[in-house]
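Note that subunit A is present in both complexes that follow, paired respectively with subunit B and with subunit C.
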Partner chain A sequence: MKMNFKVNAVARVYAKSKCDNLDEKRLVPKMMLRRRLTRSAKIMIYLSDLCNFSDGPVVYGSAYGEMQATADITGAIANSQPISPTAFQNSVYNTAPSYFSLLYGNRNEILTISNGDDTSANVLQAAALQALTMNCEVLLICSEALNIPNIDEVNTCTDFLESGVALTIMPTDEMPNTVVKKKIHSGFVPSLWDMLDVADACEAQSEPVITLEL
Partner chain B sequence: MLDIETLKSKLIELFHLEEVHVEDLSDDAALFQDGLGLDSVDAIELTIFLDNEYGIVFNSMAETETAFASIRKLLEYINEHGEL
Partner chain C sequence: MSKSRVYVNAYESLSCAGNTAQLMDAAYAARSGITINTSYMPGIPVGLGSFAPDDFFSSLNEIVRQVLDRSDLDNFHDTLLIVGSSVGGIAQSEEIFFRDRSYKNIDPARHAISVISDTLNKAFRFKDSRSISTACTSSANAMMMAQRLLELGAYENVLVVGADALCYTTVCGFHALGVLSPEVCTPFQKERLGMNVAEGIAALLLQTSLKEGSVELCGSGGSSDAFHITNPDPEARGAIASMRNALENAGIKADEIGYVNAHGTGTQANDAVESLAVQTLFKHMPYISSTKAITGHTLGAAGALEAVVSCEVLKRQKIPPQSGLEIAENGEINLPYSTVETQVDYVISNSFAFGGNNTSLVFGAVK
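And then the complex of A and B:
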């Protein structure tokens, strides 16, 4: 089934090593919360702010999840050290949207998806379904934060160790005015590509309406 | 002997207390609630830190409550029981 969706906002951020302007002091004024944020959480909060979204359903995706927290845990195990509870609680895939919800008191549904290179394609599908069933605006975010020590020894897939893309969509009866074309986004983690396709198409169009297959 | 400035510096680093400096912390500041504002996850983090850094393992809740009462109390506990 194909349905049409209005894309209300598009945002992206990326850097070869570390995104250095995520505005976290303004966005997360409480230091005791800010000190626990992972890189993915900071990227998510930054992108959601650019999309002017703080309350509503969220679909979040990441192929690799919380790499630094996971590395901290495996490093501790390898060295027979106790596992840090902070690393443990930050190691799950839904860490970023959870901090987002804590920050804004957002009690709406959150769905987290991880499916390798198809992650953002699945996020688009899930968010479309969510927007349709709830008839409201949904925030979609995919991000990767791979900048951990020694990553260069194993990284062969991306030039941008930190990257994220966000959209807000809502169902519409309007006809589509934007065609989304599949592209190769060299340098970006493939898990973001499908959402980058949508972002590229929508940034070039005023009040874009796209068709998504459910 | 561990000095209080060094301990404060270690606590700032351990708990990622951004924009907090050694001189901002009172010696008698409580570690939890109204003092530094640490929480239960931090309590476990601190327990692991004390074991790793100073070989301190608490034997009772009462010992923990005494040691964690303030920065000064923690310093006294480390200097009395830690492997320095």
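And then the complex of A and C:
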């Protein structure tokens, strides 16, 4: 089933090791909260701000989740050290959108998708369903934060260890005016590719309307 | 747009209490599958739910095979798979990392949440697959997504699978939060000691066609607490909102609910807040109990596993007691001390997760 959606905002950020200047002090003025944020949460809050979105349903995606928190936990267990409660709290895949909801008091539904290389394709499908079900604007974000010590032991294809892409969509009766083409986004984690395809197409079009499969 | 009705037409599960039939026997007999274990944390006994020595991924395929055998389908080639899992393949990664002290031999594809859908796709060749990871609401959210897609007519068959294995990260992580019970958990008990982490697998085939033995998935609703990264909102606004949204989506009134299948982990915070939510929303005092005293908390699998329990309650018209209960903390909710045989038209099943992620599902008996 296919439906048409207006894309109201597009944003992306990426870096080979660490994204600088995610504007954390302005976006998260409370120091206690800011200090607890994971890299994925900081990327998410930065991108949502660029999309001017703070209230509404959110669909977030990540193939590998909170790598640093997971590595901290397994490292502690391996060394018979105590686990940091904050690391465990921050280890679930929905950590980033949860901090986003805490920051803005957003009580709407949050979904987190994780399906390997299909993650951002699934995020697009899930966001289309959410937008249609609730008949409102939905924020969708995919991000990966892989810059943990010794990641080179398993990373063979990703140049950009931190990356994120965001869109806001809402259902429309308008006809599509934007064709999304599948591309190879060399250096980026494949889990982001489908959303990068949409972002590329929408940035080249004013008031883009796209077709998404549910 | 007219909406299709959604039916649960076949299911099976595996937990420390056994398969679905064994689980329900145990639930009605208040017989827990939890065992006291020190293998994850030497010298520190904790109650855990394990189905070892059964292999997790072999069991996963076997449970889904049994659902296919009970369905009217020849295969799953025209079925959408939606997985809910909170840990994916982390148990395998831990084993390799603890042995090698290096990531070199870890396969990222076998570490991620997608290992569940990859395993099932390889065995059954689904039409398409999705995978949700919202911690302990993962498979409840998978049920909600399935309901919405089926209602809209995007699919006719959706298989929801909730699956999570025991691993060091969750056992030691919950211990670090100070919420693990050294004994079998006692949800809603006045002086309770905490929760039991467990593994579980549950698979449910949802279809738009009515069959003999169908249970209807009438509604679903979600919300976010926006309160704390792990602790629930003490005013229960998120839990009330998810239940209210599910009731509204189902088109029924609160007083039509006959049984609340509670999230009921046995932690101080969850049970107090969930009790307050139920007390606030349901003035007619429906029966409420948590089967986590039988199965433990199967994390991302819990929503699907407890959906199976909800379907069984509707089919059998029998409500399981609150196992382990002696003195309830909250006297304003209706916790049964023994099995209750009564007419149950609708059941609401709650799942709450880290990040204040809340999901409620309403199931109805087909009349």
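Just so we're on the same page, the second predicted complex is superposed on the first by the 214 of 214 C-alpha atoms of A that agree within 3 Å, B and C clash if a C-alpha of one lies under 4 Å from a C-alpha of the other, contacts with A are read in each partner's own complex, and residues count from 1 in each chain.
In the analysis below, contacts are C-beta pairs under 8 Å (C-beta built on N, C-alpha and C of every residue); 3 or more make two chains touch, one makes a residue touch a chain.
Keep in mind the model is a prediction, meaning the values are calculated, not measured.
Subunit A has more of its residues touched by C than by the other of subunit B and subunit C. In the superposed model, A:L129 lies in contact with subunit C only, and not with subunit B. Contacts of A:R36 after superposition on the shared chain: both subunit B and subunit C are touched.
When both complexes are overlaid on chain A, the residue A:F160 reaches neither subunit B nor subunit C.
Once the two complexes are laid over each other on the shared chain, residue contacts for A:F53 go to neither subunit B nor subunit C. Using the contact criterion defined above for the overlaid structures, shared-chain residue A:P85 touches subunit B and also reaches subunit C.
36, 82, 84-85, 89 are the residues of subunit A that lie in the contact sets of both subunit B and subunit C, per the superposition on chain A.
Looking at the complex, you find that subunit A touches subunit B at residues 31-32, 34-36, 81-82, 84-86, 89. Remark: subunit C residues 83, 86, 88, 90, 93-94, 97-98, 101-104, 106, 108-109, 111-114, 117-118, 129-135, 141, 145, 148-149, 152-154, 168-169, 172-178, 222-230, 237-238, 241, 353-357 touch subunit A in the complex. Partner subunit A is touched in their complex by these residues of subunit B: 15-20, 37, 39, 41, 44-45, 48, 51-52. Across the complex, subunit A meets subunit C through its residues 1, 36, 63-65, 70, 73-74, 77-78, 82-85, 87-95, 97-99, 101-102, 104-116, 118-119, 122, 125-126, 129, 132-133, 150-151, 153-154, 214.
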